[in-house]
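For clarity, chains are labelled A, B, C, D, E and F in written order, and residue numbers in each chain start from 1.
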Amino acid sequence: MLDFAVIFVGIVLAISLLLNVYRLFLGPNASDRLLALDTMYINSIALILVYGMHSSTTLYFEAALLIAMLGFVSSVAFAKYLLRGDIIE
Amino acid sequence: MIEHLPILPIIVPMVGGLFMLLPPFSGVERYNNRRVFAFILAVSQLLIALWMLQTVTQGPAMMYAVGNWQPPFGIILFADPLSAMLVTLNSFLGLGIILYAFAGEDRAGRYFHPLIQFQILGINGAFLTNDLFNLFVFFEVLLIASYSLLIHAGQKQRIESAVHYVILNLIGSSIFLFALGTMYGALGTLNIADMALKISSLNESNRLLAHIGGAMLLVVFGLKSAMLPLQFWLPKTYAAAPAPVAALFAIMTKVGIYCIFRVYTVIYGEQAGELADVIVPYIWPIAIATITVGTIGALSNPSLRGMAGNLVIVSIGTLLLAFALRTPEATAAAFYYLIHSTLATAVLFLVADMIGLQRGKAVDRFVVTRKLRNQVFLGICFFITAMAVAGLPPFSGFLGKLVVLQAAVTNNEKALVYASLLISSLVTIVAFSRAGTTIFMRHSPTKDVSDSPGISRWQFVGTLFLLGAIPMLSLAGASILSLTEQAASQLHNVQNIIEIMGLARGEP
Amino acid sequence: MSKFLPMPFHTVSLLIVWLMLNNSLSPGHILLGMVLGVVIPLVCQPLRIPQPKFKRPMKLFSYALLVLIDVIKANIEVALLVLGPSSRINPGFVAIPLDLQEALPITMLASTVTMTPGTVSAELSSDKKFIYVHVLNMPEDEQEVVDFIKTRYEANIKEIFEC
Amino acid sequence: MELVYVICVGVLTFSGIFLCLRGRTFPVVVGLTMLGYAVNMFLFSSGRLHLNGAAVLGKAEQYADPLPQALVLTAIVIGFAMIAFVVILSMRARADLGSDFVDGREPPDTSKMIDKKRGQA
Amino acid sequence: MSLFTVVALLLIGALVPLLTERFGRAINTLCTMIAPAIGFIYVCSLIDNVTSGERIVEYIEWIPLVGLTLSMHLDGLALMFALLILGIGLLIILYASYYLSDKEAVGRFYSYLILFMTAMLSIVLSNNVLQMWMAWEVTSISSFLLISYWGQKSESRKGARMALTITGAGGLALLAGLLLIGQVVGSYELSVILASGDLLTHHNLYPVMLILVLLGAFTKSAQFPFHFWLPHAMAAPTPVSAYLHSATMVKAGIFLMARFYPVLAGTDMWFLIVTSAGLITLLLGAYVALFKHDLKGLLAYSTISHLGLITLLLGLDTKLAAVAALFHIMNHAVFKASLFMAAGIIDHESGTRDMRKLNGLWRFMPYTATLAMVAAASMAGVPLFNGFLSKEMFLAETLHQHAFGFLSWMIPVLATLAGIFSVAYSMRFIHDVFFNGDPIDLPKTPHEPPRFMKVPIEILVVLCIAVGIFPAFMVGDFLATAALSVLRVEELPYYSLSIWHGFNLPLLMSAIAIVGGLIVYAYRNHLYRFQSQFMETDAKHIFEGAVQRIVNNASRLYAMFDTGSLQRYVAALLTFTIILIAQPLFGFQNAFSIERMQPISGIEITAAVIMCLAAIATVVFHRQRLMALIAISVVGLIVSVSFARLSAPDLALTQLSVEVATVILLMLALFFLPKKTPSESAPSRVVRDLGIAAALGGLVATINYIFITQPLASISEFYLANSKTGGGGTNAVNVILVDFRGLDTLGEILVLGIAALGIFKLMARIKLAMPTTDVRGRPWSTDRHPVILSMISQGLLPLALLVSFYIFLRGHNLPGGGFIAGLITSIAIIQQYIAHGVEWVKPRIKVDYQNFIAFGVLIAAFTGIASWGFGYPFMTTWFDYFDIPVIGEIELASALIFDLGVYLTVVGSTLLILAHLGKLSTPERPKVES
Amino acid sequence: MNDMFEIVISVLLVIGGIFIFVGSLGLARLQDFYTRLHAPTKATTVGLGSVLLASMIYTYATEGYITVNVLLITLFLVITAPVVAHILAKVAMHHQVKMIPRTRNREMVKLARKQLPPTATTGVEEDGRLP
């Protein structure tokens, strides 16, 4: 049952990532692409955690934490770029 | 301390360069502190290098296991006569250009002296390391230092050439990493001597990989040494760089040549079985093409520094030719030529700089303009350097060319080596005679020279320091040649390296 | 107290986070966490903008719980909206007048509005008197949304800060 | 897995190389970054691929080869330094030379340039 | 005193004129003459020894490894040349002191002259061919310096360059020839080579060696077809022409042929080449000389002709011809030097050398005219003067030749014809200048020169007469010794040095030459008219034109090859790589194995697909730069996740943090660079680039596949086994970084630090225009620092620092470490910059990032150096476990300090880069971009 | 592992998966940017929280200790996700991205993007184009 759940989440994540990519490429606005990128970051965190469960290790926690932290910085930087051009002004 | 000798040429410039970033030395107004310190550093490096050279020529080569991790697991520095000799050359050159830079180049922008130290460090490291990945790291150190020095006191021309130089080298670094991956993927080790040991017993696939890895490394070293068709960056870069930096760059191309000799003599040496001398067939045409293109460039370039840059390419071709001969004698000849061409081209860049400074807007281009203010001194410097570079006696260039010529054994080798070296020599003579007569003899009488800057004391000192080496190289030719011969014979004795590393352990 | 723990709230939060990070309650980690809890706020001090204090920190927890429940409840709503035919969605903008004046409370409100499904705080007027909200499915009466946010969230936040 | 992996490396290399061959600094920088990914993955895989084998003692039964990982770490850092340099360099080039073309000037008509620039040398 | 001393003395003597210049011309000249005079006296003192058969040999080891010794000897040939060089040299110095104007810096001139003398003397004294070659080249160079002495004049420069090019080329050929000879013989010692008998002539490389050596000789001695440089060398001051270009240097080629006569001559090839070249040169020179209106031009072609004569003699198949050659070398040197000096006086006193203007000078300078006439008569081969004797011997030898087979009769006929011209131009030299009416438009009124200016000519003219009348007494022994050393025989064939040999064919030929010459001269105007039909060709223009054409072609070739386009360079680099790595792949079929395969799931395939799509999207959308940036972020994300999946958590963490820093940097670049790339690549270029990229991508993937599917025998077991016990950490990757391969890490952070310094340099005085609108022309938002963002960022900073410390601390045992921690700290601070702006943050962080970098790397380095104190190599690490009450067991390791260095460097570097980059736009914003 | 745990974990995982999917689906299929913005910022975050909870329980079930650190990731996302959504909305308004026609109070964007209060009447004219 757990295996089934893990596989289910895996499939769902795969589809979700593809949907994100779809939005990322098709836009049509820069803000759409950014939103898709940000969603991809979050989905990747889920992916990593599911892998961690799958392989029974906690070694991936830091990677997930870092994606959460750095994905935020990256999204904010992109958004700031779109708003102001100069991100560090 | 003697057991730590091999690491000192890396540690001293590193720590010294870093200290110069700290308050007692940093800041615009404290340039004198920096100068004194830089001078002390350069002198001590030269002394250390000489000490090391003496140690390894009198006794066996030195192995230094960084972190006390023995080969093949740790990073091993290996100081044999070849490495020690080149480190000495580098330190000598470093001292000369530091003196020259005291004339003011070191104050034209930030961090000059630290960067020079880091550049020297990177070059020394490349000469000393026996680890292929560590070689990559030192390559990057010397490259990033060279990028920063190239744009020193930025000018349009420098920035423009830096874009090319940096991008090409970044691609080169990527190829280096591809090569390292391939080599590790096949051999499972990074120590050069260990690779030499393992390469003969590979299965077919791994042998193929080792072959490809070797070919990739040739691209990397070729790019660094500016062999054809990877030479494009050189003339512009060297012409644009600040003079002392260009002079120091003279040894950077030689790092590539050194690596070619080291890697393809040790790893792909005679013991490598089917892979022995696997790249030599490529080298012949490359060497000749390099000489040809360099020669054409030297003849056609409209400025002295551009010409000097192309002459560097010619010297690289010559060294490759000597490499292609693949005998210890030829290797010894190549090392002599390497020392000579490094110093001669370095001086040429300095002389071109001083000439350019006194010719107003014409700089070092071959056009009629005002007379030089220090016609006599510059004339003598130019004359000696030109003779050395063109290979005319009695200076070192003649001897360098002679030993390379003598190293050709078979008739085919002779035909190729003689023809390419002598024809390029002739063209060089023609180019220099055109350059010299234009710069020193044709001047427009209407132009006033009173606003030309004179030669500063430090330019004088630095130039003479390096220039003095040129006659010394031929006067003391016997001892230097015996040194290069020792370096070459130890390089070719691969078994010896393996034994010093303690790797022989009963393997076939 | 303030001499040794200049920013007690920070110290405690950092200690908690530190212990969470390390999954540990060992004395060593508690000690280290305390040290970090003191040192890090000191290091960050120059980059701090003074903010109103949490006058009633306990209230914060009940507020968090409230929001959590709202989030879960309303997420299901949104999920249904997303999965259903898109013609059912009637989006719209609404401007919410603010009683809050300072940056931190406003930020908290804006975050809450965004976290709770169906609304995204899109812009804050430069005089900090209005917050523009995009509503995914606007009820007939816009005022419903305004009232809901003001009473359910803003009022709570005002209590926390007692302003 | 291996096949998919090398295809990825190949595609990254392809993209990186193609961008490196562009004429403007920005795509070239992006290309170099991309090439960096390819290189790192390539170098990484010289220790072969391992699942569930992080080289942390006691955390796996069979460990992945830690050496290439360490090498890639070094390569990543150096690559970052280099990319940073080249990014700022291209900004500087744009500022000084007035163009973001890699040659510092707009691409000239080749046939004209040969005659004009070198003819009278 | 020894031969070496003489040479060394001369070498030092080259500096004397420079040092004594300020004492006035007279003292300068005298001082300059000291060294050659001593040398001359010393060599004279050896005449008896040498003529009595002794061969003086001296030897100093120099560079034995290449066969280069300082080896000197004095035999008959060397003696003869040495006396000519030193003797005539002394006279030239004296003459030059008057010839050069008082205003000229004569010190430099003398210095070059003595330098030349040293080199020339070294050539003739050399007993080592390499040493000889060195000296040979120095003569070319000093000749260059002397010809270009008046470098302001175009013809001086051009003449000098031409001479250097031609003689230089010959010199290089000679070097090749000498090297071949030396390698065949096994020694570069001349005595060994000359004793090698038929070894050389029978060697299969003989033709090559011969041609190379003759190239050297012919170019130096101005033999056809290399003769053309000599007339243009006349741009040199006349003393130089007299000395180098008639008496000595041009004889070096002759000397060389004479030297190698015993080992290279005697074959058909030698005779054919040398005889033909000599004969053509002889005729050509004599003929052209007649048409030269310039006095020095006439003498120059005459010199060419006489050099041809000597060469022809050396080519003739008899021993006596060689004797005649030696005799003529001497005689020619004597009379031609005096003629040149006379011409110099005429030029000096009348201001012109044009014989069309110079007429009737007898009235103005009868004494000089007399001297010139004697020398000219000698040149013409008039009896009683030395020239007659050697010419007579020459004519006699031409009669016994078979080298041309059936055509051998042509040799004496053509020799006589040359004699006719020789008489004619000699006649012109006398008649046209000293008689033939009145001078026309002379710049100066001529008169006799100063007394001592004539002394050198007088001495030489006396020699002409003395040798002409008493040949055996004057030069008999001398010539015999020289001949013995050239021919290397025990005994010379019989010959007689006397004026009268009875009526014979040679005498008749001489008579024909004299009578014929007078007739030709008398009817010269017809000849001039005939000659004027032909275009006058000036070798200088042709040569310069040729060189210029070569240079232009070289430039054009180079410009075609190197267009200055980076795209081309990169394409060349990559194509070269493709060729090199593809080549070994051909022919291998069994390289793939499928021994190891990891399973794959759908999610991994999805990730791979996304990565590939994003990578290709970066290519497809690369002109929309923001899109490219977003796409590459996706690639970076997937790469990081893949590393995590493939058991490399450290890599995943590092890649992630580097990724963000890179994207931030690229975004900054994006702001200042154009937002879009114009579409400017031609389709063919795109196809080419796609081809290169696809080829390389394919190759890389193939290579990767080859090794990834094979088992690996690596050294890694060691690291896993020793990570804990030897390095004190359980995270093997981290232990490798800070311990096993700590030097790499030290280098790596140094690179980062240097990059930051370099970037800081790049940002100095950078002037960037700020775009006022975005890519679609929309103005920027006015909200610089959104309140909500500022608030949240501020709250995140302590959290991020905490996480960074956490990552730092655990690195040694678990994924993490100084580098990642440093990047997290940096990015957290960068986030503050993004949220609050530089103006706000900068005054609040009063840290000198430069010091951070320096301290960081220094800490790391000193952690390494510290191990010296314990007697271990650099970077030997230390760690231990301590049990502390309450807290429990903790580990202390030097690696932690090392990692602290890494941390500080990373923070310092990234902030130095990013924080200062923000400054670019803040204080003085250069406004609108046009 | 305890069946109880397995059920809880599985349920949490499935719920998480569904929410994550809804977030991404919304992103892909909703009609304008503003409506798309709602889906991932909330649904995905909640979904991820659910997965994290599952992971925490899983570790407890297998290893026997609670890994609270995964909660930190949730904490982080809860703090940051609204900011990202907010600032992206700002971007969209600044760029005047198209919204579906039936959006109510569309004209409010004109004021909002200039950070003016809804009561303002000036400052709109010069750039009054409706998105």
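Just so it is clear, a residue touches a chain if its C-beta (ideal position, glycine included) is under 8 Å from a C-beta of that chain, and two chains touch if they have at least 3 such contacts.
Quick caveat, the model's predicted, so the values are computed rather than measured.
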{"item": "Fewest hops from chain B to chain E - one hop per pair of touching chains", "value": "1"}
{"item": "Pair joined by the larger number of C-beta contacts - A-E, D-E", "value": "D-E"}
{"item": "Distance-to-centre winner among chains (Cα means, whole assembly as reference)", "value": "B"}
{"item": "Farthest chain (mean CA position) relative to chain A", "value": "E"}
{"item": "From chain F, the most remote chain by mean C-alpha position", "value": "E"}
{"item": "Centre-of-Cα separation between chain E and chain C, whole angstrom", "value": "75"}
{"item": "Distance from the mean Cα position of chain F to that of chain B, given in whole angstrom", "value": "58"}
{"item": "Averaged-CA centre spacing for the pair chain D and chain A, given as whole angstrom", "value": "24"}
{"item": "Length of the line joining the C-alpha centres of chain B and chain D, rounded to whole Å", "value": "26"}
{"item": "Set of chain E residues in contact with two or more other chains", "value": "551-552, 555, 558, 564, 566, 570, 574, 629, 645, 649, 668, 670, 700, 704, 707-708, 712, 714-716, 719, 740-741, 744, 748, 751, 754-755, 758, 762, 781, 783, 786, 788-789, 792, 796, 799, 803, 814-815, 917"}
{"item": "In chain F, residues with contacts to at least two other chains", "value": "18, 25, 37, 45, 67, 69, 72, 76, 79-83, 86-87, 90, 92, 94-95, 113, 115"}
{"item": "Shared interface positions of chain B, touching two or more other chains", "value": "133, 137, 140, 144, 147-148, 151, 154, 163-164, 167, 171, 178, 181-182, 184-185, 190, 300-301"}
{"item": "Pairs of chains in contact (touch as defined earlier), listed by label", "value": "A-D, A-E, A-F, B-D, B-E, C-E, C-F, D-E, E-F"}
{"item": "Chain E to chain C touching residues, read off their complex", "value": "783, 786-788, 790-792, 794, 797-799, 801-803, 805-806, 832, 836, 841, 844-845, 884, 886-888, 890"}
{"item": "Contact footprint of chain C on chain F as seen in their complex", "value": "18-19, 22, 25-26, 29-32, 34-35, 37-39, 41-43, 45-46, 65-69, 71-72, 78-79, 81-83, 85-86, 89-90, 92-93, 99-100, 102-106, 108-109, 111-113, 115-118"}
{"item": "Touching residues (chain side chain F, partner chain A) in the complex", "value": "1, 6-7, 9-11, 13-14, 16-18, 20-21, 23-25, 27-28, 33, 36-37, 40, 44-45, 47-48, 51-52, 54-55, 58-59, 62-63, 67, 69-70, 72-73, 76-77, 80-81, 83-84, 87-88, 90-92, 94-95, 97"}
{"item": "Chain D to chain E touching residues, read off their complex", "value": "1-15, 17-27, 29-30, 33-34, 37-38, 40-42, 44-58, 60, 63-67, 69-74, 76-85, 87-92, 94-96, 100, 102-103, 107, 110, 113-114, 117-119, 121"}
{"item": "Complex contacts: residues of chain A adjacent to chain F", "value": "1-2, 4-6, 8-9, 12-13, 15-17, 19-20, 22-23, 29-32, 34-36, 38-39, 42-43, 45-46, 49-50, 52-53, 56, 58, 61, 64-65, 68-69, 72, 75-76, 79-80, 82-83"}
